[in-house]
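Here it is, the structure, as structure tokens.
Labels A, B and C are assigned to the chains in the order they are written; within every chain, residues are numbered from 1.
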């Protein structure tokens, strides 16, 4: 399958990139620092170690998604390696999807490595590693579907720095969309209400994917809500990828 | 002058080029000497400023932004930020405990924590105790506990702390009894909490409430010593144990009849919380589906 | 087989700059390339050769007009299976080695999985890169990159091979090898379309050429038709002429270039050649060589460009 070739090639490219390895090593070091912090936390050491682990996994995988995704397509166009791909009998949309899935594969592997390291650290520090933590990581992965799709979208038409900045901006705003909803409810002006509502549904609601506090405090998570969140990620990222394909289809090299 | 510069030039020109080992040796020597110089300078600068790390922490806490600003600023990393603030709070408390016992920014810190992580019960527990006893900010402590209780309604410790602070510091015994009573009904609570509620009510003059609790203990406990304690306290409150025993027997018979009636009619409890294996089965199915 | 590549009134405009100003790269280009021929596409820098090639391989889309390869529009993805493309100064994924790269190309071009291995080995051998099969592309020289480029263009055995400046930056040995590969492709029944600045190579191997200037087609046709079979000059190399006779020759011929012990004489007609031959016999000099020269492609090329530029003025 031709798309498999693009996926594998993207995966190889990222894996052989020193930046990727560096980020994983730093993430693991940060998690290991939990051992130093644990005795200082005065009885809350277990919570602190779990928080450091989950937050590191999220932060560093987001960094990879934004930094690597932001230059994924642009680099190919700039270095002209794309000539020898687009001139082949492969649809351009397959190329974009292959790039996207390739990067997701890289992120999946990153998460896998970091989760294994995290669980190992928990076991070594004699903290019970409950399976709920995996649910948080799974939703982080779903959040990555959206963030990676945004990074690739911007990468189809802007430079790596601009792409990364725009993606980061949307990632940041995506976590504050609930404030937009509150603004809509509080506002007396119907125009502001409508605009806030539109923006609320247009922008990615990334706060849906943050259940770190819940899993660390062993709060029950509704399976229905969990499932709907995953479906939301699937559809939202699909929309962004379709838009990316449309832009890429009309591009001249 | 020209002669000297010529001589220097000749001296450098006449030198043999350095070998690889010599270059490495000189590089290492340079790095080590630079490192020592930097360390010495920094040590001297720290001494000359005469500031400690603890004082630095105080200054930091002074300018720590409020929780309302910090929460959106750190987006999804609120729990990590809360942990950072928690560590800072511990350092701040410890540093002042050992020195001047003045805790000007403690309420500010725990206010931030309460916004960043509303389920951080450990912080509410510790924060309320140090605010109440060390910083003498009793109302601040109770306010902190109210926030904690609102967001963690099943946590018995926070209700107990509220009761304890009311009992020991504000001397509001009825309020203390109220909190102890709530704590006694929550999961995994201390068994003693129920008795503390009764004691507090009695001390606060809410005799009816005290009688209700001691009666309940008397009726339900199988522990002889506890029964005797309940009996003694009921007598103190003016209740005749014989009348109480009769009433209890009548209630027991009625309760038994009701249980028999209920067992004959199966009832589905839709509000029953699923057990752990059911939860994991559901999630496993969701993952397979995805 | 008929016409393999056809363009009809092909026009391409690019929008550049902040105000998105339109720049016309090619205008009403009408081109036809027959089956099994080697077609040379010439033009100075900025003429529009690369733009035309990009449209043919699907890297760009025409503003108006159409381009067809093997009877199908170039926007049809399926036709790319029959096109092998080598861009100017090709760039590859530096983190791969040639084997991995050719496997990727074979996979993307739809080569059957069972024959991928055979194809990869065959073309690595053809371009003499077997020794470097596992070496990272990052360390490759210009010549090696160009050879890998031709291998990836041929890996899926296409019917049409489109090359953009394939011999740019190669040494004479490299250029000779490339010419041999192109000629062998023709014997295999493939159609080759390539753009180049090196006119000597075009003269050696092309069947037909087209000359492009400022996005417009100036001339197209067989080399013989363009250059004509007429002999323009005769070059006579003589040994053993003294200075007095050289002065006589200067009056009788177009150009005389003396060197150490030889003199090169250029004359226009056969009669003048006869006259020079008589003088050689009379003075007892030695005839080293007699070479008839017809008009070169370079002469024709430069003439055409000069004409067009004068038209513009």
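Simple rule for what comes next: contacts are C-beta pairs under 8 Å (C-beta built on N, C-alpha and C of every residue); 3 or more make two chains touch, one makes a residue touch a chain.
All figures in this text were calculated on a predicted structure; none of them were measured in a lab.
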Central chain (distance from its CA mean to the mean of all protein CA atoms): A
Of all other chains, the one whose Cα centre sits farthest from subunit C: B
Intercentroid distance (Cα basis), subunit C paired with subunit A, Å: 49
Chain centre separation in whole Å, for subunit C relative to subunit B (CA means): 79
Approximate Å spacing (C-alpha centroids) for the pair subunit A, subunit B: 31
Residues on subunit B engaged by subunit A in the complex (per definition of touch): 72, 75-80, 82-83, 86-87, 90, 117, 119-123, 126, 273, 279-280, 282-283, 286-287, 289-290
Of subunit C, residues touching subunit A in the complex: 14, 54, 57-61, 77-81, 83, 85, 87, 90-93, 95-96, 100, 104-105, 107-110, 152
Contacting residues of subunit A [partner subunit B, same complex]: 37, 40-44, 47-48, 51-52, 54-55, 58-59, 131, 135, 138, 171-172, 175-176, 179, 206-207, 209-210, 212-214, 216-217, 219-220, 223, 226-227, 230
Parts of subunit A lying in touch with subunit C, wherever the complex brings them together: 2, 4-6, 8-9, 12-13, 16-17, 79-81, 83-91, 250, 252-253
